[in-house]
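The next part holds the structures, each set out as structure tokens.
Here subunit A shows up in two complexes: once beside subunit B, once beside subunit C.
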Partner chain A sequence: MRHDDQPPTDSKTPMVEFAVRAQTPPSAMQRIRSSFSVIPMLGWLTGILCAVFIERFFGDELAYRLYLPKLPVLFGCLIMFKTPVLIPSALAYVILVYVIPVTATARLTAGLTNRLAAILDRGPIAASCLIHLGLLYLALHYWTDLSDYRLLVLKLTMIAVMLTLSLNLINGYMGEFSCSHPGFMALGAYSASTVTLLLFSNDRLFGAAVLPAAWGSYCFPLALIFGGISAAAGALLVAIPSFRTRGDYLAIISLAFMFIVKSLIENLEWLGGPRGMSGQPDWSSLPVVYAWMVACIWVVNNFVRSIYGKALNALRDNEMAAEAMTVNTRKTKITAFMLGAFWAGVAGGLFAHVMRFVNPGTFGIQRLAEVLAMVYFGGLNSVVGSIFGAVSINLISEMLRPLEIYKWIVIPVILILVMIYRPTGLLAFREFDVKAILRPKHSGTGQGA
Partner chain B sequence: MEFFLQNVVNALQWGSFYALIALGYSMVYSIMMVFNFAHGDVFMTGAYIGFGTASLLLALSAALGLGLPGWTILSLTIAVSMVLTAFLGVLVERVGYRPLREAPRASAAITGLMIGIILETGNLALLGARRLSFPDLIHSTTYNLGGVFVTNKKILIVAVSLALMYALHQFIRKTRWGMAMRAMSYDFEVVPLMGVSLNVIAPLTFAVGSGLAAAAGILYGLAYPVLDPYMGVLLGWKAFVAAILGGRGSILGAALAGFLLGFIEIFVPMIFPSTLRDLIAYSIILLILTFRPYGFFGQPHSTQLRL
Partner chain C sequence: MPLLQVSGMTHYFGGLRAVHRYHLTLEPGEIRGLIGPNGAGKTTVFNLITGIHTPTEGKVELEGRSIVGRRPHQIAALGLGRTFQNLLLWRHMTVGEHVRMAHYSQLGYGLIGALFGTPRRIAEERRVAENSMRLMEMFDVARYRDFLVGNLPYGAQRRVEMARAMAIDPKVLLLDEPTAGMTPEELVTMIGTIRQVHRDFGVAILLIEHRLKFVMELCRRIQTLVFGEVIAEGTPQEIQRNPHVIEAYLGKEEIA
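Up next, the complex of A and B:
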């Protein structure tokens, strides 16, 4: 634009050449990117909401017309792997129901949503966040309304987000290699289940209910917090040895802690022993899990962006230098371990009430490998990375379900490739700046922030 | 007293599996400072390779009418499987660890973990979920030594493992390769500047460790002739803990810690219910590590995580 002001000359100065090059039309890819970079987060959410409603009202009809046996539940991937003949239909469904409505609505309403986002941007950030989160919740609610399988996958994904985030706090931000997360999760799951089973349910372990079931949904958060606190108390067992030793020996201590918790629960007959606990009330509904996940992201994100988070990073990079610079290393380590364990415990409590069954075998090496995979796939030292890692590993593993056992060859191969080419994960070392994400994107800046 | 001695014999047998596997973990850890989480599954694969080799040799011997005795087949099986599994170890190093040498050590641990999962799943996919029974190469004979019952298999297992450990010790102490390994474990950043290639020593370390794991797998198959794809997970993680407990860079420490773990696991059920075995074993390890944070023979060193 600026080059238009220059006086036209015939002499071949570099300036003119540059001006000519600047005026050459951008490639198709660039044009698409710049036309989508003006869409604010609000616009994308509107698009997603629109796609969800299209699926809700026309999904069945469309699936029938495309010769699909039923509504594709996870973006048609299950159908594609089961019956390859239907790949074109499934792809057409995904494009017609998701891709076109999302992009078209988002692009068409970009002007309006930008103005709305600007209004929200002037107000308090909390209000803006709540509105965005509410819209996202609406979309998820109506999306999962169509199939119970989707609901289960989504709930487990959200729990995985909490677990990944809390492990990233210890492994990514503090730089230890902690293997104790399944143990924390088990502590949380069993404590929360004990409270709810003891007080609110007629079951084989604890007998009749003590309190009326109507109180249950109010007491459920308390049960989850109790689970989190008991996990945090367990974390002291790992955190206190971490004063004297770090790195490899701490990895062993945390591993031993995980095995101890598992073995302890197996030996406590009043907790069901190896058979586990079942019959937890079905209180982990979508809004509950969603609210806890949002709370977890909020707390962890604020923690890592605060001075505590910087102290954690300092501790990771050089413990002695951090101590010299007045970082209270013991307090920082304990805080990080306990916060991580608390959220792992809450996630465990939610998990127990989603599955409505836990046994010690759930919290073994397999779970550890899953959580570690999610953390290192998404990226160390990054809240966005954790969310991305948990969501993508969960979705990939659900989508590859038709491959049966070969799924467990494909996923490790993906992870090995990620580790080789991006050793710290795909989205490592990113700041999760909510304000920048919710900001309106005006055309002309073209940066997309 | 006889009861006690009987358990000592059992513990020696059980501990020698742990010790042989722990040596593989410990060597890789002391030289490259990374956890080889695939090692447990290398042990499992070694046992399966041993199974395949033994079955093949038995079939060959029957088809050609050679009538080879069990001892010959067993020693051939151990030799062949050790070599084959050593190649597997080199492959693990090449695929999972060499590209990540400059990366954070935790990332290398993740690739190891994933290679382990691939080995397990590959095994399940190839052979199915059924358990295989290891061919009975030696007929077991029981000797009564003053009330203590000892089978020839037990003697063989303990003897072979001790012999392998002694051979490894001599290899590390006496040969030039061993000297290079010791130097590398002292400082793997400076020693490559002295003309010792890390690209030679690292595969060699993985190969030696995997060979020992294969031997452990075959001996395990002799003692407990049921193979399943998850046996590496069961024994491997405990052996890993034993390896670290022994102390960095200490072959003797890893072997001793392996035997200690074997003794704990055999003797705990004498006094307590056997379900408490893991709980007490890991609690003892936690206690030891709290008071000796660098293991039995390890020196305190500044571990700077390469993040």
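Up next, the complex of A and C:
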């Protein structure tokens, strides 16, 4: 076949632009970046583990020496805002305990970890993933071991990751605007709580436990899945009327749905009414929440990278073309919407068992604003973006807690800036390719296989 | 048995009659042209056949089976591939993803495979990727496979759209002004591409076109549509001489 057209001119493609830029003599910043670019994920995890252990063994001592009142819980931010005099000490602590150990260990062990990563790279991807996830879990476990507050923040952050990712599926990948996530979360939280309270707990709403508590931890996943399924059933109610046509219908119907769920729960006395439900067993431990978050990321990432999931992008970009290319758009939309709702429901169930208390007020418009902020901050159509958005917004919001009411000025300003400079979010439209992330990294001269 | 048979197809948009008693008999392996002035209802005919609109009256049969009232994706999966006049590509997707996406109806791994990455899904997606690669090479867009479609030259975008339409493995290919906005050189390439598709895949092609030269080159038979009605049908030579066609295109002598 003849081809008269030229390949795209080089200046237009980002790939080539990058190559051109790399030819200019490297600045100091670029040299630092290139020296860190040889560190594989395994190296970073080793560095983080090392920092966590340094804090575990020397943290208290160091905090005392630096005149800090106690161990800085969230990278010293709380201390910095409360007593500005201690800013240098808090910074010193962060640098000595986190920055230097992480970077130094990661850089120094890069040769070794690259070789290990190369070995893992040759094996099955699942084994490599499990090892990395295990290391990450170890680091998080020992990091949160030092403070209950950290543990709580981390669990809530992981739940936020699940919520953000599941909403990104609808608002990012599918390009519709759904507002019902707090509603799905509420359905999940109340369904899962009802199961656990009814069966395993002596409480004021449902009376004595039916089953022995020892069964509880085995049945908890089932309770969560039940929560997820009830949220998905709610999603079906929203989806059937709103996906008949495109436009703002979903936004309006889903917003209404959120308020309906909230006022329904408020008015059902047997669910505790506005006072809520309390006394859920403490089953949302760190490993449980971590495992569910990993499962959520894995499943959603699998979905969005399959052709069935890519169909979401196709129907978002042009629905008529998607239909003409044999894509069953209605089924695809409803499936994705229910999948998103399912994970929101599971996240809600976990949330209820972390807080061990839920009331309808938790699942209102403010929660919606938070989740939307995380999605749009992190980046649409991107699994990494969702993780990044949820973690950063959650941490920022915790770190700024001492600012009290001004926190609600700072966070929106950050969001507005993001919307101006990166309208689709910071890490939008990225593929989350696990294999590429875990791959050994080589510098120009290269070490490892 | 004709491959695609349309008879008595009429469609109203509200009170406006867009298509009136359109008929078509397309035999396997035929290239048929559909010409007509702007607003004659050519694209509406395509939209009616492919199920985007449901005809108010009339029959549309593919291999003897009625396809009226089915949803567009079902009709497409039965073997009606199409391209669009104004290039409906997916702007956030790469060329490779476009061609792979059109294999949607041929996938059988279902939701379980999509969610959990089963071996069946891996095998099926590999097969789809291989087939897509073959198609992209055939349409000479393989070197762009990881580019977003928006970064491609116009002619290449047209070929991506055709590669995508061929990926659904159609029996009939409907091309809606494949040369719209093309330079004369690109037009020559497009004639070659269409000939090649016709030869290699053996599909029947129904072609909407404005440029008479292009249609004359490719089609044995041509239909002329004016105000939603077929006013003339025949070989290119007959059409060229037909007074009704000349009138529709150039106007009557007294009026002009």
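The rule is short, and it goes like this: the second predicted complex is superposed on the first by the 418 of 449 C-alpha atoms of A that agree within 3 Å, B and C clash if a C-alpha of one lies under 4 Å from a C-alpha of the other, contacts with A are read in each partner's own complex, and residues count from 1 in each chain.
Throughout what follows, a contact is a pair of C-beta atoms (placed from the backbone, for glycine too) under 8 Å apart; a residue touches a chain by one contact, two chains touch by 3 or more.
Predicted, not measured: the structure shown is a model, and the values here were computed from it.
Colleague: Touching A:Ala209 in the superposition: subunit B (first), subunit C (second), both, neither?
Modeller: Neither subunit B nor subunit C is touched by A:Ala209.
Colleague: Would you sort A:Lys310 into first (subunit B), second (subunit C), both or neither based on which partner it touches?
Modeller: After superposing on A, A:Lys310 lies in contact with subunit C but is clear of subunit B.
Colleague: Now for A:Asp248: first (subunit B), second (subunit C), both, or neither, which partner does it touch?
Modeller: A:Asp248 sits against subunit B, while subunit C stays out of touch.
Colleague: Of the partners subunit B and subunit C, which touch A:Ala321 in the superposed model: first, second, both, neither?
Modeller: It touches subunit C, and subunit B stays clear.
Colleague: Can A:Tyr376 be said to touch subunit B (first), subunit C (second), both, or neither?
Modeller: Touch partner of A:Tyr376: subunit B, not subunit C.
Colleague: Touching A:Ala291 in the superposition: subunit B (first), subunit C (second), both, neither?
Modeller: In the superposition, A:Ala291 touches no partner, neither subunit B nor subunit C.
Colleague: Touch check for A:Ile131: first (subunit B), second (subunit C), both, or neither?
Modeller: Neither subunit B nor subunit C is touched by A:Ile131.
Colleague: Between subunit B and subunit C, which residues of subunit A are contacted by each of them?
Modeller: Shared contact residues on subunit A (touching subunit B in one complex, subunit C in the other): 316-318.
Colleague: List the residues on subunit A that touch subunit B in their complex, please.
Modeller: So the residues of subunit A touching subunit B come out as 171, 175-177, 241, 244-249, 251-253, 255-257, 259-260, 262-264, 266-267, 316-318, 365, 369, 372-373, 376, 380, 405-406, 408-409, 412-413, 415-416, 419-420, 423-424.
Colleague: Show which residues of subunit A lie in contact with subunit C when the two form their complex.
Modeller: 1-8, 12-13, 299, 302-303, 306-311, 313-314, 316-318, 320-329, 335, 339, 381, 429
Colleague: Where on subunit C is subunit A touching in the complex?
Modeller: Contact set of subunit C toward subunit A: 50, 52, 71-73, 76-77, 81-82, 84, 88-93, 97, 100-105, 107, 109, 111, 113-117, 121, 125, 128, 138-140, 143-144, 147, 151-156, 164-165, 167-168, 185-186, 188-189, 192-193, 196.
Colleague: Which stretch or stretches of subunit B touch subunit A in the complex?
Modeller: Within the complex, subunit B contacts subunit A at residues 29, 35, 95-96, 99-100, 102-111, 113-115, 117-118, 120-122, 124-125, 233, 237, 240-241, 244-245, 248, 273, 275-276, 278-279, 282-283, 285-286, 289-290, 293-295, 303-305, 307.
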